[in-house]
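In the two assemblies presented below, chain A is common to both, partnered first by chain B and then by chain C.
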Partner chain A sequence: MTFKQQKMASYLILIIPGLLLFASVIVFPIFYSFSLSFTTWSGYGKSLFVGFENYRNILTDPVFLHALRNNMLIVAISVFGQIPLGFLLAYMLHRKMVKGGEFYQTMIFLPITISPVVVALLWNQIFSSSGMITALIRRFSGNSQYVMKIFEDKSLAIVPILFVLLWMHTGTYMIIYLANLQKITPSVLEAAQIDGATEAQMLGRIILPSMIGTIATTAIFAIAGSLKAFDLIFAMTGGGPAHFTEVIALYMYTNTFKYYKYGFGSAASILIVALSVGLILILQGTSKRIERKYE
Partner chain B sequence: MSRTKTMFKTKTSWKTIAYFVMISFALLTIAPIVWMILNSFKPHSEIVRNPLSPPTSLYLQNFVLSWVQGHLGVYFFNSILYSMISTVITVILAMGSGYALSKFKYRFSNVIYMFYTLGLLITVHSVIVPLFIMETKLGLSNTRLGVIIPYIAFGLPFQVFLATTYVKGIPDAMQESAIIDGANYLQVFFAIILPMATPIISTMFIYTFLGNWNEFILVQTLTSEIAIRSLPVGINSFAGGMSRDYGLQFSALVIGTVPMIIFYLVFRDKIAQGFAAGATKE
Partner chain C sequence: MRTNRLLLTVFVSLLLFPSLIFSAGTKETAQSSKKDEVIELSVYHFLDQTDKTTAPNFAFLVGEFEKKNPNIKLNFEYGYGESFHDKLQTLAVSGQLPDILLLYPGKRTSQVSDAGLVKDLRPWIKGHESEFADMAMQGQGKNGEIWELPEDISITSIMYTNNRLLKELGLTLPKGLDELIAQGPAIRAKGLIPLSIANKDAWPMQSCLAGMLVERTGGMQWFDKAIAGKGAGFADPQFVAAMDIIKQLSDKQMFSPGTNQLAYGQGLDDFVNEKAVYLIDGGWMVNNMIGELTDEQKTYMSLESFPDVPNQKGKSLSASATAGQGFGMNAKLNEAQSEAAWKWIWFYSGPEGSTIRQRFGRLPAYKLAEPADADPMIKKLIAFAGKVPMGYVMDAVLGAEPIGAFNINLQRMMFGTMTAKQVAQDLETMVNKIDRGNK
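Let's turn to the complex of A and B:
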């Protein structure tokens, strides 16, 4: 074996096993899913080619539209809630505004280790009629009959879920920003401080501009993560009551595995990919424009 | 004078806000967890009557029942098995790919790397339907192998990214001198690259392990037998519906969280590195 052949053989040994797994579990199924999405296949028997009918049915289904609205709210709470809050927390820790920052950092990042399903069941207990919140409100309001009704309201039922998502993920963004804030040379900030810059000026003129790239990247994470929100809602409400807390991933799951509409479900999952790619492209466009403004 | 005074004032107000925000967030984490642990030592009736009070006696029956009758022992074992095996394989494959992609200088390496990067955008939900069909046809559904294979595959894109970025930073000189001395590329991989990459390997390992341990939808969809299900799926079916006994539910949640909290407290820095690495702009 020549040296060149030996090199090529080593390369293939290193790369092929992973690539094979990746191709068969992720790449091939995507195309399979795409082709299924144009059929009426129900898991067995004949499958009929129906063109875009599945897509048309999904996009006119009021349940899907409500799910889409909920997904957009989740995107909004991630981009306009988790990201700014995570940034604020990281900034406060980085500027050492509190004593024992290490402790707070550990506590705020902790929810990331707990499985979303367990988080869901825990918060269900907290929100339940014999849960912590009800008990606290009963104790402090003096109304011993108080019951939480938020889950029964069509437009508000998603709010507790949004809150839990905020609880789960803000710490992750905090950690990411903290790691990036540490890369800003401290002497720049010190010089600004000596020149009499206020905290707000330093934040707005030095720190934020240098963090725009990171913020844009995390926003991409947030969007991609928001559209796949599934585990938590599956375990918390299952999309109920009456589809009030439905999201697209759950909609896909129920139609596929409960009603055996494989073709229809595939179309829904292709829509998830399309939506996240679309949103990410929009975001990249706007972040480039903002970056150019600061240059 | 007045300027330093206002500066001092804004500084203290920033501090007050900071303390307020930090303490609220910390309490939001601590209170639910403490409440959950306290309630897991109370029988159902006591939880319903006094949800906020601490347990009056050390009642351990909840744990015994959920571990045995709720099969949490079985689920726990399966979770360890799935997480360990697939994490080890993912990290090995990712390191191999990372080395090949960053040091061999073949032109199609870029294409393969781009392929993996696009894989970062694909979520489990977009392939779960075909995956279920494929596994049913191949007889892999309801088997342990049928869980481990997708775990490895979904771990790969991000881990290949981490490995490639890290190995790229290892100087070429070391590899070249070993090759001149007659070593082949696989020997270089095992004798030079792997030892030098231990910091990233431990980060990759812990990050992947955490993800696999908490994974839900794959096991929920691809398995239906108690004997091969994992902890999150088991806890969901046990505490989420079957049992109306709050004491049992809380004990199941404690079994689901407390080991992970310990894991987190030990490996916090490594976990943080894993999360930060994805969004770090060099």
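Let's turn to the complex of A and C:
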């Protein structure tokens, strides 16, 4: 065996186990799901090939379109809410703009350490029509029939969930930004300060440009996480009432496991993947353009 | 090289030796003492393990069984709510169905039973048919198979009534729908809820109210025809009339405020805390009431039927009911395992288990004499079951997808985004396409 062949053999020995594992748990399920998405498989027996019918039915289903709209709102609150807020909080803590920074850091990060199911139960105790807010309003208004109508409004029912998501995940981004802010050499900031740079100038000219890569990465996490959002919403509202808080992952779950439409559910999951990839590609393009601007 | 080979041989031999000993030992034991052999069976059950009433009750039943059958070891796994069904489906699809599993007589678990994954219990039941309520012995499969031995008769639409509050408000049990609706303002004026029902999960309105109302407005003959799609359908005026009643009750603020946001269980909470005059729920709630209600409360709480509705074609005082769930067994079990599984199934749904469950507040499908020392609420449930005519529970006779959509449409109707006619038409379209197979 020549040296080149030995090298190739050792590469293969090292790569193949990992590759096989990756293929069996990631690649195979995706391709299998993709092939199922063109069938009417119900979990048992023969499946019927139906071409793009599942995709056509999903994309014309008002429930799916409303779920998509809700997912887009979650993406929006993640990218334009959690990330800026997380950055702002990290910046304030890093620049020691508040006293007792460690306490705030712990408090802001705390929600992410709690199970989403517990978070859902907790906020349900506050928001639901048998919850704390309703009970207080009923007591002080004397109206025993009072109900928070926001939860029964098709357009607004998702808002409390968006609020909880903002509360829950901002801490994660804050910690990531805080860690990356600490990587910026203090002497650079000190030099800028000596040169007479204002706080805003330091933020805009030094800190933000050096954080663009991190912000882009967290945005990818936010988008991917938002499109597959399930646990908190499932435990908090189950997509209800009347599908008002439905998201695509719940839509997929209901059709697959409650109605035994595995083909249909697979098509919905492929759409989630396609949407995630599409949005992430757009984001990567945008972040590259911004990076080039600062180069 | 030779030393390496020798070391390798010794290493492999050492590795294999314990397993050889182990397997040989197991076989010998199995052959020598077949009579004392302990049969282990896996059981998948629907149970909320955090429920302070049902969980200990079930544990007691299992304990009693184990005392009598030391040679049978049951390994339980539990699921609750939708996750029970999700897991059951996953186990079935992956070919890992447990030896004994809880099944439903209607459409709820028909994907498992219709696929031939469970045994037909008729050979074991033979000779015992008359010991059960007729409803429990109705065929569950296409050829009359019985996949599970029903534990209870499930009455799903009882109007639990707080007679103390009723008296305090100067009201009497309503005879008709109009009279019930007329009581609303007086009840609400006292800060109370007229009809306590928690519909966040969307099924209670269908299971505990809609099915019963459909029987009232259409009658059983019409209901049968509509299910089959022969000469009747769910878009008929009879069905629309039932939907209209729900809409009317919602518009007149008869239900719990924010009913579609209230988690199941809240309805019971409001009733036992005497914040509601009536509770619309199933007979299974008696199980919880035994522990939740005080002895004094039990004297003035009664089980009633929903009042008559205008243009009623069904029977007065009728309620919706179905044979309850019960245990079935995996089709793959061998003879000895099947016999052991049947011992548990018969213990649970037969005379012994039924006697225990009756004491806990259930209404067993196995015919039993009313126990003299039973809790007052159980006595009331038995009396109620004996006097009311029974209709269908919709989710027991219609498929999962039409019912899932119908449940949500009922919520939409209450929010005013769908009319009663649209709800009816939508159900008819789905039943026709999915259940009746008319694409």
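For the reader, a short list of remarks on this structure follows.
One rule holds in what follows: the second predicted complex is superposed on the first by the 254 of 295 C-alpha atoms of A that agree within 3 Å, B and C clash if a C-alpha of one lies under 4 Å from a C-alpha of the other, contacts with A are read in each partner's own complex, and residues count from 1 in each chain.
Please note the rule applied: contacts are C-beta pairs under 8 Å (C-beta built on N, C-alpha and C of every residue); 3 or more make two chains touch, one makes a residue touch a chain.
What you see is a predicted model; the values in this text were computed from it and never measured.
Contacts of A:257 after superposition: both chain B and chain C are touched.
Touch criterion met: A:147 reaches chain C, while chain B stays clear of it. By the document's definition of touching, of the two partners only chain C reaches A:241; chain B does not. In the superposition on chain A, A:45 makes contact with chain C only, not with chain B. Comparing chain C and chain B on the residues of chain A they touch gives the larger count to B. In the superposition on chain A, A:159 makes contact with neither chain B nor chain C. Contacts of A:184 after superposition on the shared chain: neither chain B nor chain C is touched.
Touch criterion met: A:167 reaches chain B, while chain C stays clear of it. Touch criterion not met for A:202: it reaches neither chain B nor chain C. Of the two partner chains, neither chain B nor chain C is touched by A:72. Taken together, the two structures place residues 43, 130, 134, 257 of chain A in contact with chain B in one case and with chain C in the other. Those residues of chain A whose C-beta lies close enough to touch chain C in the complex are 42-45, 124, 128-130, 134, 144-148, 151-152, 154, 237-238, 240-243, 254, 257-261. Across the interface of their complex, chain A is touched by residues 3, 7, 10-11, 14-15, 18-19, 21-23, 25-26, 28-32, 35-36, 39, 47-48, 51-52, 93-94, 96-97, 99-101, 104, 106, 112, 115-116, 119, 121-134, 149-150, 152-154, 156-157, 160, 184-186, 189, 210, 213-214, 216-217, 221, 231-233, 235-236, 239-240, 246, 249-250, 252-253, 256-257, 260-261, 263-265, 268, 271-273, 275-276, 278-281 of chain B.
By the touch criterion stated above, chain A contacts chain B in their complex at residues 6-7, 10-11, 13-15, 17-19, 21-22, 24-30, 32-33, 36, 43, 88-89, 92, 97-98, 101, 103-104, 106-118, 121-123, 125-126, 130-132, 134-136, 139, 167, 170, 172, 175-176, 178-180, 196, 198-200, 213-214, 217-218, 221, 224, 227-228, 230-231, 234-235, 249, 252-253, 256-257, 262, 265-266, 269-270, 272-273, 276-277, 280.
Interface residues of chain C, counted against chain A in their complex, comprise 82, 85-86, 89, 92-93, 111, 115, 188, 191-192, 200-202, 253, 256-258, 260-263, 266, 269, 400-401, 404, 408, 411-412, 415, 417.
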